[in-house]
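This report refers to the structure that appears directly beneath it.
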Amino acid sequence: MNEKVFRDPVHNYINVNHEVIYDLINSKEFQRLRRVKQVPTTAITFHGAEHSRFTHCLGVYEIARRVTDIFDNKYADIWNPDESLLTMAAALLHDVGHGAYSHTFERLFDTDHEAYTQEIITSPETEINAILRRVSPDFPDKVASVINHTYPNKQVVQLISSQIDCDRMDYLLRDSYYSGVSYGQFDLTRILRVIRPVKDGIVFSASGMHAVEDYLVSRYQMYMQVYFHPASRSMEVLLQNLLKRAKVLYLSDSDYFKQTAPNLLPFFENKAELADYLALDDGVMNTYFQSWMSSEDDILSDLASRFINRKMFKSITFDSHSEKELNRLIELIQSIGFDPDYYTGIHVNFDLPYDIYRPEKTNPRTEINMIQKDGSIIELSNLSALVKTLTGTIFGDRRFYFPKEMLITDDLFSSVKESFMSHISNEHFKH
Amino acid sequence: MNEKVFRDPVHNYINVNHEVIYDLINSKEFQRLRRVKQVPTTAITFHGAEHSRFTHCLGVYEIARRVTDIFDNKYADIWNPDESLLTMAAALLHDVGHGAYSHTFERLFDTDHEAYTQEIITSPETEINAILRRVSPDFPDKVASVINHTYPNKQVVQLISSQIDCDRMDYLLRDSYYSGVSYGQFDLTRILRVIRPVKDGIVFSASGMHAVEDYLVSRYQMYMQVYFHPASRSMEVLLQNLLKRAKVLYLSDSDYFKQTAPNLLPFFENKAELADYLALDDGVMNTYFQSWMSSEDDILSDLASRFINRKMFKSITFDSHSEKELNRLIELIQSIGFDPDYYTGIHVNFDLPYDIYRPEKTNPRTEINMIQKDGSIIELSNLSALVKTLTGTIFGDRRFYFPKEMLITDDLFSSVKESFMSHISNEHFKH
Amino acid sequence: MNEKVFRDPVHNYINVNHEVIYDLINSKEFQRLRRVKQVPTTAITFHGAEHSRFTHCLGVYEIARRVTDIFDNKYADIWNPDESLLTMAAALLHDVGHGAYSHTFERLFDTDHEAYTQEIITSPETEINAILRRVSPDFPDKVASVINHTYPNKQVVQLISSQIDCDRMDYLLRDSYYSGVSYGQFDLTRILRVIRPVKDGIVFSASGMHAVEDYLVSRYQMYMQVYFHPASRSMEVLLQNLLKRAKVLYLSDSDYFKQTAPNLLPFFENKAELADYLALDDGVMNTYFQSWMSSEDDILSDLASRFINRKMFKSITFDSHSEKELNRLIELIQSIGFDPDYYTGIHVNFDLPYDIYRPEKTNPRTEINMIQKDGSIIELSNLSALVKTLTGTIFGDRRFYFPKEMLITDDLFSSVKESFMSHISNEHFKH
Amino acid sequence: MNEKVFRDPVHNYINVNHEVIYDLINSKEFQRLRRVKQVPTTAITFHGAEHSRFTHCLGVYEIARRVTDIFDNKYADIWNPDESLLTMAAALLHDVGHGAYSHTFERLFDTDHEAYTQEIITSPETEINAILRRVSPDFPDKVASVINHTYPNKQVVQLISSQIDCDRMDYLLRDSYYSGVSYGQFDLTRILRVIRPVKDGIVFSASGMHAVEDYLVSRYQMYMQVYFHPASRSMEVLLQNLLKRAKVLYLSDSDYFKQTAPNLLPFFENKAELADYLALDDGVMNTYFQSWMSSEDDILSDLASRFINRKMFKSITFDSHSEKELNRLIELIQSIGFDPDYYTGIHVNFDLPYDIYRPEKTNPRTEINMIQKDGSIIELSNLSALVKTLTGTIFGDRRFYFPKEMLITDDLFSSVKESFMSHISNEHFKH
């Protein structure tokens, strides 16, 4: 095939040399990712970050292409070039099952984007499956197994999913570029120079230690600064409460939802199939929410309005041991007419930036290994004091969300609200 | 007010120091712009360019803020600082009436986003109008008059709308950043250093001639390379044919559209009001198109499918004098079953990168004037040979669009298609 | 050889895969380029542009490496991979004969950096020659012939020297990066995608027309904005007058120069050999000038002081037909005690940004050719109206330099100076 | 004064609004900094980093200008605007006493660039002193006292010299830009938004914690990756040994040095005055070294040659407790004819990236304090786990340098060299 390219602001060009890859990109299931934002609630806070999962998936593919191109040329002794197309296809498709507002949606409707990814790849109904089968009858299953970590060759699996994989490398660079913060930038070119396959996985030359360290620090910073931003999480709380209200109302007035949110019905009734899932995207969901803004149910219409028009909840941090004490705040909120089921929420965000392999854990992490001049292997945190700090340490916070109205004291309820504010200091709950 | 900031990848920070501006940004009519892409069909070709009109409008505001801040501080003798808030508000709101796929939509439904902009600002029904009225009762009208060029102070008008205005400066930088092409980059900081108010408008110090020249060349390049890209225009042709089909079908089956596209009805019936217009956005329109993919009308469902799944028409250029000869191609297309009303299209794109003031024209352009050390004024093209070339010269092309199937000759219709291809050389129509 | 890399701010990494290239870089003649600034007088105006010819030469090599790597892989039918090392060596060494303040130095001492480049490559005395001979006995001569355009394969010659060659592409990007102006930036990656060898030279795919156009516009802008900056040229005039004075004084007091500028002696006496030339660099020259600051000759010491301490001459533009009239100014300058031989100067800078092949000219240019889908060739200016303007048109100006003191009128000579200033309007000479 | 600007690749523009600042920049003592590289030995490894102390000093000034501009406008209650010019002058001049290869030079000749900075500012002989005195008779002393930390207002002192000051912020950004590594980049704009004067110094809003954290991590990474690079330190060892040799030879042959290195004489004789110091710069020193390349002393000429032509020593790391064991290596080196006094060296580089205030220390550090919403102050490492790790922890390594020849075993001395190499594993000394 003549090389095709896509201009990309992060990687300059996405290069496609395999017809299979080109056709996968043009499949309807993949094009659908254009209608699903990569970080929909982050975009509310960092307005530049409106990019879709489509662009991210192309980026993951491109990094995989560059890595496997290097492996094909420099490490043919230990890397099987036949794995390259598989790696690229898995990179491209690893997120193909993501839907609108995935994380919140899954919690409310008990769906799983990873299961959908597997199904899109392996179901004979999809264009993607048909394209993959052109490579070989078992190719769809191989791609799916790479993505779910069961593929025997750990080199391939680790490129797609590990503590330093093509997915993470792209999203850090991309979310950083689009949000306009520099924290997520790291030296991809240098990492591509030091990444190497070994018999049972992927390692990095010890000379590139600082590039890998910098990647981990960037990842930590993006979580702290961007992904865990309190305002974005406010939108998630709002969305969660909105969908919770809709589910409750559906029980008594399914007709209303048949009319205003037809494609959600299978999910309300817990019998959604792949086609139902693929029919949802950001635009469809927002169209439903916009309809609900004129619902006769005050809570549904108000929450939909707040979500669509970005009237966010406010939040404070609290310590784990004082969670029960939040009831005092909840009572005050309720006392002036807000139903706490729908007008408060707790959002807990924690991240473990890096960890070594701990066989005793249920899902032990694949540690990052460095290879020295003499061929010996050494785990990263032994070489970097900074990484040592991040190792096994969980970072994040707990936040309690409530209506902004609680902080405005120039009305009837001023004494209630003053009582409310007396529990807060430096945006933290004190009890 | 405490300064508020929004992180922006193009301008680093958007700074807000007026409560009016902050409230305008938070109004529901302005937040709606998050759901309207800035360059929706360009995003199909340059996948990174998925940004919304919301981000662009913030950017135009920020440039206006920087300019008026400089004017307030350095040119208080000739610039009235009372005009600064007006300028910033007009900058922020200049595009607030844009809707989904504006250009195509307007052609099909005879609407006008500029008229909607005026209405959103002046109608007492909108949040925006209420916020503006807080400044003074006539403030909404003043803002509207700046945007429609009737405001008496030409300094303000030219900052919002001229051949080098805050709008154009932001969209070049922004579309360039998001699409990943460097062509639109120019030296905004330098332009901010040389921009100056004079009695009857805006001029630039002659010492900054090359920065202005570079801006015009960048603008020319963005049109040639990005905005006029044949693939993006293919999506516009597809969209136009799709909506044309819907309008025809509506005459015989309005029920179908009542169900699948409720918010389009007022437009089909030519009685849309402001609220109807504001209810439409990219997500709503795409949701309708996705419904139409299962229409019983083959043409509607096929065009909707092609649009949603990005199965684009192909195109060739043709010369103005050979337009009639295209009928030969149209006949061939029709002969194998494609209805040319819906499966072909002509897309003509021309731009006049720069022009001097020509009083004899209907809408004469405001020329770009440079001010010399001794205070004398000289029009830009007298100083720059490059600008001289661009002056009064129209650039662009004419393209004929048709189904990609016409170029695939391995089927029944191969002789028809070969005949079709014999009229094409280097992607140009030869007759 | 294990790949070696050099971190480079312009190209990210310089990659070296041939031991010959690595050894050339490490030769003493090449390392000497670290002590010769790329644009020494520009650095006086754009203080960031302090980079050396060493970095530029590495950059030219890197572009040549990328181009030949693409040619080796994609165009082996028409490109002989044996030419790749030759191309890279010529790219690396094309400027190796540059010395301190080359352009001014050559004018004063009648030397020629191109001749020195040839000699460094072909003289058996140099490390570079010895390294090149390791490839084959005739390799030095081949490299030299590429650089002086006599090598028979025009593909190679045009990559090193034509209107769009590796040299120009690097210096535009590099000088732009270091000076901090964006004008010199263009899309190198895109150009690398469309550059192709044909039988008798180098062409570019027509689809990349705008990238090539943008390169030419960038080149034009760098000349107008950076290279022709009046302040930098002031330093050249100062330097020229300083060296002119030294040459005159040498005739009567050679001992003084033996002591203060030993390595310049062979040049004063017009019998310099290669080793003499290689002994000079920016630091050595500046050391001499610093000595001269305490010379007993007032003119020599004053000019040296002005040059070292950056006390520049001022300038005005003038038209070709009014050059004679400048005598009026010269008389005024002389009347207050400045020797016009050393305190005035004319500096004429013109550039022809692009030209087609004109066989009637002495050194006809190699035009830039584009290749269309059907293989036909078309010269660039036929495709681009912007390039058409730049074609065959000379841009630049004529400047007359004089002491800044002429513009300060608060002293004895105020009436002379006012008379002087009456001939100037908007920094232009009016007669 | 009309604003003057200097184009700068790091800060875009350096803005000058005070005639005093403009004249300081144009003084001969300040212009001299153009001839002194910022990181001369780093430039050997990262070839792009050829920038001078001149550009860095302008950058420090520009950051100080931006900070004081903010303080003048936003914090006039607690910041005295009269301090702004003082702060800017101190920022501009803080490094004006730096000379060629400062760190090595000082060790060999027992000079002190900080003392020279004080002298340049306060000595009535300098242009800088005369310019400063125009502000007020005690202004030179005030500027000098800010730089040596004795000025009573700690706000000013901390802006110029603390763990997060204008100096460090510029050099990280600048050295990073010029070397082409991204590690030194941090979010200066955000830091400028959160920096605030308090009564007794400078603090940062707690909301900007991650920007300050990022700055400290960037600083750590630049030290580890760039400043401590083994190859750059090799040049320092070479230089040190070269000057050591010159000092020894001077005792017996002062005439040779009178002729080849006239401006070094006062330093050899330990009676240098300010004018002697100012007469030295990189170019002068390198000119001397180039003369020494033809010295009759083999060691002097060889070391000079190695330094000028970049024939570096190699190195290995070693642990503090095994330093004595290095004698085994030294003996082997000596056994094949290298004088270990001049052909080996130890280079120890350690940095303490951040520390809290420890009153018991001799030079306790000023800790970085954050200010919370309620006005309370909290030291940074209490808010950031990453900073906590860096606090009080020293990072770096010890290296032993030796001739590269020791690693080449294909000669007479192969058994000695093999014995030498048997003590090395992964570039570390094992004993």
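Chains here go by letter, A, B, C and D, matching the order in which they are written, and residues are numbered from 1 within each.
Keep in mind that, in the parts below, a residue touches a chain if its C-beta (ideal position, glycine included) is under 8 Å from a C-beta of that chain, and two chains touch if they have at least 3 such contacts.
A quick map from chain label to UniProt name: A, B, C, D = HD/PDEase domain-containing protein.
Just so you know, these numbers come straight off a predicted model, no measurement behind them.
Chemist: Which chains are shared contacts of chain B and chain D?
Modeler: Looking at chain D and chain B together, the chains touching each of them are A, C.
Chemist: To lay chain A over its twin chain C by CA atoms, how big a turn is needed, in degrees to the nearest 5?
Modeler: Nearest-5 rotation angle for the superposition: 180 degrees.
Chemist: Could you state the distance in Å from the CA-based centre of chain A to that of chain C?
Modeler: The separation of the two C-alpha centroids amounts to 51 Å.
Chemist: Which integer distance in Å separates the CA centroid of chain C from that of chain D?
Modeler: Centre separation, chain C to chain D: 32 Å.
Chemist: Report the inter-centroid distance (CA atoms only) between chain A and chain D in whole Å.
Modeler: Between these chains, centre-to-centre, one finds 43 Å.
Chemist: Mind pulling the chain A residues that touch 2 or more other chains?
Modeler: In chain A, the residues touching two or more other chains are 12, 181.
Chemist: Please output the residues of chain B touching chain C within their complex, sorted ascending.
Modeler: Contact set of chain B toward chain C: 181-183, 185-187, 206, 210, 213-214, 217, 220-221, 224-225, 372-374, 376, 385-386, 388-390, 393, 395, 425-427.
Chemist: For a test of understanding, state which residues of chain B touch chain A in their complex under the given definition.
Modeler: Residue positions touching the partner: 6-10, 12, 26, 28, 31, 34-35, 43, 46-48, 50-52, 54-55, 58, 177-181, 279, 281-284, 286-287, 290, 308-311.
Chemist: Which residues of chain D touch chain B once you look at their complex with the stated criterion?
Modeler: Answer in residue numbers: 5, 12-13, 189, 193.
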